[in-house]
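Shared chain: chain A. Partners: chain B in the first complex, chain C in the second.
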Partner chain A sequence: MDCVVTGGNVKVLAKAIHSLSRIGDELYVEPQEDGLALRSVNSSRSAYACFLFAPLFFSRYTIPSGPAFRCKMAIKSVQAVFRSLATLEKTVEKCHIELDEQKNRLTFTLHCKHGLMKTHNLSFQDSESLQAVFDKDSYANVFRSHPRLLVDTVVHFSPSLEEVTVSVSDDQMWVKNHVEDEADRSKAMLTELCLASDEFDNFSVQVHNSVTFCLKELRGLLVFAESTGLPISMYFDEPGRPVVLSVTDSVLEGNFVLATLSDDTDQRKNNTKRARTTPPPAPDDFMNDDMDSYLIAMDTSIMPGPSASRPPSPPLVNSTCLNHTAAANHRTRLHSEEEDEEEETVDSCGPPNKKFCSLFFGSVLPPSSQMTTQPLTGQEVLASDSEDDVQ
Partner chain B sequence: MKFRGKIMDVACLNHFTRVITTISKLTKMCVLRLTPDNLFFVLSGKVANGGVSMWCELSQENFFDEFQMEGVSPEDNEICLEVTPENLSRALKTVQNAKAVKLKLTKKHCPCLTIAAELPTLSSVSRIVTHDVPVDVIPRRLWHEFKEPSMPDFDVSIYLPPLKTMKNVVDRMKNLSNFLVMEANLNGEMNLKIDTDLVSVTTHFKDLGNPPWGDEASQDRGPSQIRDPDAMAQTRVDIRKLQQFLMGQQVNPSKAMCNIVHERVVHLILLHEDVSLQYFIPAVA
Partner chain C sequence: MPLSTQSQGEDEQYVLVASLDHARNLSNILKAITFKDHAIFNATPNGLKVTVEDSKCLQANAFIQSKIFQEFTIKEDMVGFQVNLTVLLDCLNIFGGSTTPGVSTALRMCYKGYGYPLTLFLEEGGVVTVCKINTQEPEEPVDFEFCSTNVTNKVILQSESLKEAFSELDMTSEVLQITMSPSQPYFRLSTFGNSGNAHYDYPKDSDMMELFKCTKTQTNRYKMSLLKPSTKALALSCKVSVRTDSRGFLSLQYLVRNDDGQICFVEYYCCPDEDVAED
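This part shows the complex of A and B:
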């Protein structure tokens, strides 16, 4: 394989590698007829990302004619080639990627200004083909927006937050932080953001649903999308089925496939807490000035209680809270009856222990001798546990 | 118990955020007391806090365009909440460009202080973000712990040098010692000293000036009126506490003062038009 990237495209390539580094530790490189594929998957196989750079992206693109070459390498070492994005843009004129078959090295050569040339010879391992199977067209809910919208959305969440929950109705999308542990809920700050459909370029909802997925990988994609200014499309439907985030352009395509939470107990919890929000709040909620949102019957007399070292929450708070939860539960139930299909799934679900479904069982591979003879599709298995449950 | 406030002015929002960020640097948890006129952030000097206490007072009028509250009862028209200032700070920081920010006491899964902001968008509909910060409602029988600390009968009161300068000095000293002696006299002189087996370092400040405290302040201080202007009053404090105070500074005070009660406590006061922040660092042996 022998390809040359020039000008601004070097930065695009570098950004893509940086955002892939948010997914996993290894970069899978596969020169294909239709372009160079760079992929990564995380260790728990719950997140997968792929960039495909079309031959037109390169000023020269040739692939070996023999058996398909594919390899994997430590993503850190590739990142090191494109370490400083700022200087990269200013100094690098051309990047040449070449497979040195004699030395078994993948060579990255950066041609910089003033005739300076930096060569990185990176070792690699042969690898299986890494390919997640997903069909974006089969998703019920599709959104497209300028990356800025999502960047402005995730900025509201703490950098340490792991997962977000995205819910949609016909004309709104809510994004909120996902708090796993019920016990933590009384301590954690809950953040919720509501986006109106007209902030999106495309907002098509068939199923009112909510999915929970990792924020870290989304942030990774945003790094890429923001720098290239490419609109992001998002595809999802039921919980447990992976969410797909993608960017496309005439010469490149990036797809991030992220597992979503399908744990049924969690789902129920979500429902309970969502009982409050699922019926879309009145549009003028913010302006709505009622002060009755919080009312507590506070006992003002001296109560016998534990020593004053730490202020215990008054018992009355607890009891009102309980009532509140009960009411919420009730509402959930009503809500579920309307969507009894969903309720059935929840009830029939198996062990409620699994957090994220693994996206791929794709690494189960025949020995490499068979690799070339086996049809590629035979090795690409993709199924999510939850889909099995659902069917 | 009801509370709702609304900030619409960007400068007010920014200022309010800076005050809360300052507080979040000083303490993990504190008590927010709401009265019809004021907001107080209080940390009472418990052993768990290292004996440090804090009192920050804001006049609501200077920040809020609307401010409505109904306390526990008409006689005790106050609300007392335990909050994590860092959460408030983080929530406020992300909504700096908001058209309006509302703070309200809400009952969600638990009592919360909800920060709801209306963010500008290109579309016709505003974007709304809400942050629910869980709070603990403090029962009235514990309120007495969060009263304004009385001004100690100080031996010396002095204006502080620029806080940034002081911070630089204290930062260096912290590398050498865990404790610092703060001493000052009525002649406008202040010294910051560390003393270890290996090294002694003193930074001298002079011509700082001594604030004139009115009659009421000097009433109980019979001895100090005849105090020798050159006599130093000193207190040895945990250097980290002082550093924390200097580090978190975002208020840009118009006046910064320090009262020293000999061998007892250092009382730091920052005044800025509508905000006052008092911080007490106890002496260590």
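This part shows the complex of A and C:
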């Protein structure tokens, strides 16, 4: 890989890395034909983020022909390359990113003012590809707004607050702090904001619902969206199904997939309510634990052929999922044990206390192009059945 | 607001009297060399030299010329004593070290001689505080024998460009490697940290480079932990001169301009890390 980023795009790239650092400790780098994909996932795998920078984002973008390459590295070390974010725009004229596969080095060279040249040679590890499976089109509730609206909303919550609950009606959205324990509720301060639909560029609600998710990752995305001025789209429907936040422009796309808390009572209620749109989750005889019923599956497999061109199929169909997995396994030559183990761990331990749905991740060695930020093109949404996969 | 209330009679007992309208001009520059508690003070008619050392491998000197002081009276050719620098700085900031324009602490520093405490009269807004700091037997500073005739390489840079580099240095690296060379890479700072290595290259024709006089390619490593305190001096300074001698010893000289536009100097000497064979 050999690419060059110039001018204001250096800052955009740096901001993206900083916002990914809010998610996890590792940065997954994957140069693809359709652009450079940068991804991260948190340790409990309940939050995933991906940025795809199209080749046009760069002034030069070349990737090696031959087998796809991907690696991961400590996100801190990449952050260090762009440490002085505030002055970056003024000081850095050009950023050259070069991959030396022989030496296992990813080299960032910053050409700065006054002829100063900063070279960072970062070591990396090979990695499985990281791919969350989600389908933005399948969501019932879709919102789009200028980042300012969300920034102004989030600012009212204390930095120590972990989760917020977002509820919607036909023409309003409420954002409030989530108090975990009923007992705490009497002591805790409750903050609730109401946003009218006309504050949004797009406000489309099909299901009156509320979801609870982590604020930290949302804040991470807001930092990016605010600095680039890109509108944020938000997709959610049922509690337990991940919320998707995304920013898009002509040369980049960022998607943050955050698990939401599933709630027993809510879920039952909603399942009946949403029966028309989505089949209820398969009865679960394995663990009657609500957190597992809405896992998003993330496929860990290596697929030689571009599975990318298949049209997105409707989500949550049990059989689809099974078929898919089976197919994936068939096509897999390198399905490593490590990966298997990983799946299992993820699945069985899940994020324990909080009843957060884990995003069930995995590796898709994308054959070539297309695989990334529109994972949908290639993958079914395997929500609610990933349990079966493992069994 | 100079302290003029002291009677002349009392003044006569002192071997050293130094007054400053703005105590901050002294405390700022002392902060640039604060990495150990003990500081050796040497006053001559030219001014005040304050020395701090660490492990006999690092030495920092601050030079405050006599003309910086509104009054500088010395009765002997040389007056030397040692005090706890942290305590001295606490005293100089006893009024909180406010940076509000128009409000400043005036200082009168007096020393009666061997065995006597260092007496500070500090005044702000009509309130006077008198501090007496016990002095200690002055130690002999290490002579690094850094002699300008043995200097092989020298560059003078505007501090701004080095500040950026030093603020970004990978602190997981145990050493900072400095390469100076008449050919490429001219002037290079390198770190070797957990996540890989990093190089900062300054071309000799950069407009940040005020002087470039390198005669021989030299690569030396210096302990990051030793060099770290020098960033305080760098932060204050407007220019820095980096020199290495034939033994690989490093001299960093910082030109510091205070709030009143006067110039002081801070100098750091550092021994090279010995496990690296030369060239």
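In this text, the second predicted complex is superposed on the first by the 270 of 391 C-alpha atoms of A that agree within 3 Å, B and C clash if a C-alpha of one lies under 4 Å from a C-alpha of the other, contacts with A are read in each partner's own complex, and residues count from 1 in each chain.
Following the convention adopted for this analysis, a residue touches a chain if its C-beta (ideal position, glycine included) is under 8 Å from a C-beta of that chain, and two chains touch if they have at least 3 such contacts.
Source: prediction; values computed, not measured.
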Look at A:His156 in the shared chain and tell me whether it touches chain B only, chain C only, both, or neither; answer first, second, both or neither. first
Report for A:Met73: first if it touches chain B alone, second if chain C alone, otherwise both or neither. second
Applying the document's definition of touch, where does A:Thr91 land relative to chain B and chain C: first, second, both, or neither? second
Classify the contacts of A:Glu33 with the two partner chains as first (chain B alone), second (chain C alone), both, or neither. neither
By the touch definition at the top of the document, which applies to A:Leu122: first (chain B), second (chain C), both, or neither? second
Using the superposition on chain A described above, determine whether A:Asp181 touches chain B (first), chain C (second), both, or neither. neither
Residue contacts with chain A in the superposition, chain B compared against chain C: B
Seen from chain A, its contact residues with chain B in the complex are 152, 155-156, 158, 185-196, 198-199, 273, 276, 283, 285-286, 289, 291-296, 298-300, 302-303, 305, 308-309, 311-314, 317, 320-321, 324-325
Tell me, which parts of chain B touch chain A in their complex? 1-4, 46, 68, 70, 72-73, 76, 82, 84, 87, 90-91, 94-95, 100, 102, 104-112, 114, 116, 118-119, 121-134, 136-142, 145
Interface with chain A, chain C side, in the complex: residues 161, 164-165, 167-168, 170, 193-203, 205-208
Which residues of chain A touch chain C once you look at their complex with the stated criterion? 73-74, 76-77, 80, 83-84, 87, 91, 105, 112, 114-123
